[in-house]
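Several structures are given next for inspection.
In the two complexes that follow, chain A is the common piece, with chain B as its partner first and chain C second.
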Partner chain A sequence: MMALTRLLDPSRTVSLRRRLVWQFLTLSALLVIGLFVTVGWVADRASRASQDAVLGAAVTAIAEGIRSVDEGLELELPYATFSMLGAMGEERVFYAMTVGGRMLTGYDDLPQPARQPDDMQPVFWNADYRGADLRLAAVMRQMLVDNRSEPVLVSLGQTRLGQAAIARETARSAAWAALAFLVLALPVALLAAQAVLSPIRSLAEVVGRRGPRDLRPVRHHTPKELAPLLRALNGLIGRLRAALDLAETFIFEAAHRIRTPLSLVRTEAELALSETTDPATRLRLRRMVRAIGESSRSANQILDHAMVLYRTDQFAAASLDMSALVKAVVRAIRPLADMRDIRIVERGTDLPCPIEGDERMLEIALRNILDNAVKYAAPDGLIEVELTRSDGFAAVAVLDDGRGLSDDPATLAGRFRRGANVGDTSGSGLGLTIVTEVASAHRGRFALSNRKTEGTCALLKLPLR
Partner chain B sequence: MRFLLVEDSDELARAVASRLAMEGHGVDHAPTLADARHFLETVPYDLILLDISLPDGDGRDFLVRERAARRDTPVIMMTASASVSDRVSTLDQGADDYITKPFDFAELQARCRAVLRRRDGAIDSRRHFAGFVFDSLAATLTVAGEVRELRARELRLLEILLSRPGQAYSKAHLIDRLFSFDEEVSDNAIEVYVGRLRRKLEGSGARLETLRGVGYRLIPE
Partner chain C sequence: MRLAEVAVALMLWAAPAAALEVEAERVFGAADGDEISVLSTTDLAAIAPVLEDFVQGNPGRKVRYLQAASTEIDAAIRHEDARFDLVISSAMDLQMKLANDGFARSVAPAAERLPPWARWRDMLWGIALEPVVTLASRQALRGLPLPRTRRDLIAVLRENPGRFQGRVATYDPEESGVGYFLVAQDDQVSDGFWRLAEVMGRLDAQLYCCSEEMIGELRAGRIAIAYNVVASYAARFRPDDPDLVQLAFDDYTFAILRSALVPVDAPDPEGATLLLSHLLSDTSQRTFATGAGVALVPGTGPPPSPHLRPIRLDAGLLVYHDRLRRAGLLAEWQGAMIQP
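What follows is the complex of A and B.
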């Protein structure tokens, strides 16, 4: 029980929507970080490639500007090249030239290449030089110096301050763009989660709207993913229904089994009664016959009640004539009323009165109302059955001249409730429950009230077709 | 009246038959549908009391065949199942009425009378006694050309007394047969109806006599 309460506590249950949104956001954040790193890396590579192209071209141009002269070597610095290097931003440029390993000109502490180039094909490398990140390129050229062929190595370095800044800047703007996308994505994520979850909610609404006795399978259009849930739900409803059906069959069967022996007991008791003159025995036999009558009436009403519940479950309204139904029920009850010299007067049943309803349920309701009236009417009394039409309702009023009601009519409708003034009249107290249930299944009303004069008025109102 | 009782429970049939005999009706008991068919071929009946579940078939099918053959002897179905569908379907199939087991004899009697009354005309229900004519189905008493209406209990009382004129019936016996057992009645309740019947019988040449300590009887004056 505790576990169930905890499970059903909304603050403890998992929200699918929250989970979907969180997953979406986490994924998006990972994407933003990934984008930042990737763009930074790509931008760095791109800037490196362009720097290498310029550095390579520049170092080649410098190397090509070296000429052999009689005094040795002559270097003609290509200024256009340096201005090109300068155009790449606020970078510093370093160079060095060695001949056969001897420093000829430039910065003599400029780092040596990791691998000696052996021709005009530039070799590139990175180095830390005078506190700055340096990109270097070097080429080698064989020159005649003093009639000897000597290797001339030309190295050219450039700082990467501006380049790195550009790469970082690019990555950062990419990250900002991604972040903006993330912020924009949040409402989209919420909407998407909503849309994904809306079939669940509509299914819940369809199931939630059902009445307590509606056990038809749920026929709701759901997405494929919800089909297993719907199948499980319908399976459960089916099992519940089978259990109910079984209970109803059992009630029918039990009532049947009880009734046949009861009828024999009753008949024998009545015969014994007619053959006995001893007052004490007669009193006992009368009590016995009464008790049998009471139990069979209760069995009937339990059966009626089961029938009403069953038919409410699968309520199928058909058009029927209330006048004809009232007439038929009055006809069936008349012999019982006659037995007690009670007259039944019928009014308003000459014209057809079309309504939508379940004929058997209505028959049960009318029979119970009239049974009650016959039971509680005064001896030699009068029962008036009146069918009227007004405000879109067909109203059957059954008026008796009996002892009336001593209790609040509302409490009498409860199952097995009986009035305080019923005296010796037998009854199970189910009759009014049955009538009330039939009325509500038809979206109608049932009310009991005291008449101004003596007696009770039972009013059953049903919507007209 | 002659009744055919189709019922497979021997005990119940015997009890019902003896009770109906007490009312002055002749009752034949058929425990199966085959027996019922046999009885119907040989004797005309005023009313058939038909059980639904019988050893050799369903009473409703029997009823349907009877009606299809245009035999319209009134039928009251006796059903133990009492489900509404059963009751409605029996009426649809041509039964005149139904009664649910276990039944009150007074109710059975009342239903038989109601059914027979509806079939009025085919049956001569008149009876001459002293100076009056009693029609049990029309519920009238004709005295010197004057038609007097009888209420249900007056009629029942007269019926009982007329079944054996001159015989004394005790108050208790009359109460058993006049009132349903579901009603709480005192022994004096019968006096009201005796008084009413006496007034209706005035000038008829018959006298409803009180025998102190014994009961009542009907004798010609």
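What follows is the complex of A and C.
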């Protein structure tokens, strides 16, 4: 009992589908009941009317069979009429005939009509007689009896068990048909509920499939009813995007504004360093220069990162030659490497390597990789830059002979993450994040691994055109 | 004092029964069994084996069987408040009227194979077919062709008035319920019947109350032809009496339906239903079919011949007891019998 009430409780049905099916079932059950009642009523009325017609015809036939003879009246009760009256459902039949109010034949105590019929038009009424519900009809006829015109009243009654049974049977058949329909319709209802709900699912899929940084408005074709939801969703996305844009613009702006004063301070600090001989002051100034260098590097990387995010949003690919790009970036980083006596060897850049991509982003990515390599390579070490092509990918491998990685390479790609063994080397932790984001914007991959010998291997793979 | 009470009670109990003219009475089964009382037109000798069979199969029951005329039975149930468990009668119209007027109770005996026309609702149950035939004495018809139809019979009677004067017999419709019912049926089915009635009237037909009496007179040689005799009565004598010849006319031969009902005030309706089921069982049906020469339930005896007309249990039967219709019919009968 408890389980049933719980099952019937509509508030429990948090599933839209279940709720739809429940509503359908409830409505259908009401329909079945309605059909049963309506058809029962209609069938009852129809069969009543047709039986009344038969009864009326029968009583008229009997009245028409009355003849005036010398001895009074003569009537041969027609066998066929009675047989017919009793035929449907083996009804009980009663009759009476009075002349001028005197009983002539039939059942003396048969109920009389409430209203006297005035001609051959039958009058119908219901009465209780001998423990049965009777439907009666009566007609009146003027006959000549003993040279006087006398009213002859013929009443005929029958039970209506067969008629009631037929009406009941009809209603029951209708209810069965409706039930069968309900059973057939149930799977259809389930399918319909599924179909009605499928746009919601497909919308959810479209939204769920989006990349983590995809904040474009959802342009999905939905039914009219889902349009408000879609509008609200797009409104929310718009506000989120505006907030993010604001934050990024703010960061970009802040980094940009800090960079210029920083280089000014750095120049001043270096000038002061060259002008002073006091060892304590020099030490302090050197620390200062170093800290300023770190800050300006971080500012640069934040700017790079903001740039990459911006260009990912507005991604516009163009044909470019990866070989030329690698060469250009290596050329740019060489002075820095020379300062630390690190050699850079290029391989595979003599052949053109055409890809589709955003040159600015790729340049930032390569610069960060090489920057990292220079930073973590051993002094007097060697950095090998190797461009290869295989399986539809262009792969840039940057190998150093530095200290290698101590952490799981995957975690290092997170924003502001730095390895546990970086120790004295300066860095913001944004470099690898930038590279990873550039790689995924190009539908490529970036991987960082330890070499078999000393050092790290950074591998950027991009699809060839 | 106590004795007086018993006497009053006995008188009260006996009063309705006293009004009923019982032709035969017998109790079947152990005296201490639960009594099922049966009021019936059926000849005691004809039904005895079936009832013996019943009390043997139901040791806790006894059957008190009372045989009476159909009009007596109708009056007893209708007016005299007689209490019986089962009422059996060959007068279909009277039985039908009793059921129609609400004197019968709905019962549900085992009757799966009973034809639908042999029952009315769940109140009136046909238990046997009784063909109505004409009996003749071979001796009296010597030298004449055996009539095969009513037309033949009319011709034979007309051409030999000397031989058949005062020696034609039939039911008296004014006295016998079955007799009236058969005249009404003849009247309805055939126009030729009234010609036959006139011929019989001219031959000064003898009128009897019952089939047995007619058969007795026929066997005694006092009459030559008996028109409308219930065949089951004749069946008891025919094999032993080579002089009796049974004529089932080809134009039509009625078969009336002996029917049973359980009165609304039956003291033991369950017992009555049990007995009714037994009467409708294949064993009993075979016994009845042997006597009547035709089976009611298919497969329990000889199938009906094509000219046999079983009369259906139907509301149409009610018309025969209409006062005006009866008066008209009997007047016509009188007109045919008494020739100026």
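Quick notes on this structure:
To be clear about the criterion, the second predicted complex is superposed on the first by the 379 of 465 C-alpha atoms of A that agree within 3 Å, B and C clash if a C-alpha of one lies under 4 Å from a C-alpha of the other, contacts with A are read in each partner's own complex, and residues count from 1 in each chain.
In the analysis below, contacts are C-beta pairs under 8 Å (C-beta built on N, C-alpha and C of every residue); 3 or more make two chains touch, one makes a residue touch a chain.
Being a predicted model, the structure only gives us computed values, none of them experimental.
In the three-chain model built by superposing on chain A, chain B fits alongside chain C with no clash. By the touch criterion defined above, A:80 reaches chain C but does not reach chain B. After overlaying the two complexes on the shared chain, residue contacts for A:105 are found with chain C alone; chain B is out of touch.
With both structures placed on the common chain, the touch criterion links A:316 to neither chain B nor chain C.
Look at A:360: by the touch rule set out above, it reaches chain B but stays clear of chain C. In the superposition on chain A, contact is made by A:130 with chain C only, not with chain B.
Chain A is touched at more residues by one of its partners, and among chain B and chain C that partner is B.
In the superposition on chain A, no contact is made by A:351 with either chain B or chain C. Seen from the CA centre of chain A, chain B and chain C lie at an angle of 170° in the overlaid model, rounded to the nearest 10.
Look at A:93: by the touch rule set out above, it reaches chain C but stays clear of chain B.
In the composite built from the two structures, the nearest CA pair linking chain B and chain C is 102 Å apart.
Shared interface residues of chain A (contacting chain B in one complex, chain C in the other): none. Within the complex, the chain C residues that touch chain A are 99-102, 120-121, 188, 314-319, 322-325, 328. On the chain A side of its complex with chain C, the touching residues are 73-83, 85-87, 90-94, 97, 104-106, 130-132. Listed in rising order, the residues of chain A touching chain B in the complex are 252, 255-256, 259-260, 262-268, 270-271, 273-274, 277, 279, 282, 286, 289-290, 292-294, 296, 299-300, 303-304, 307, 328, 332, 334-336, 338-341, 359-360, 363-364, 375, 380, 423-426. Residue ranges of chain B in contact with chain A, taken from their complex: 9, 11-12, 15-16, 18-19, 22, 80-85, 88, 91, 97, 100-107, 109-111, 113-114, 151-153, 170, 172-173, 176-177, 180-184.
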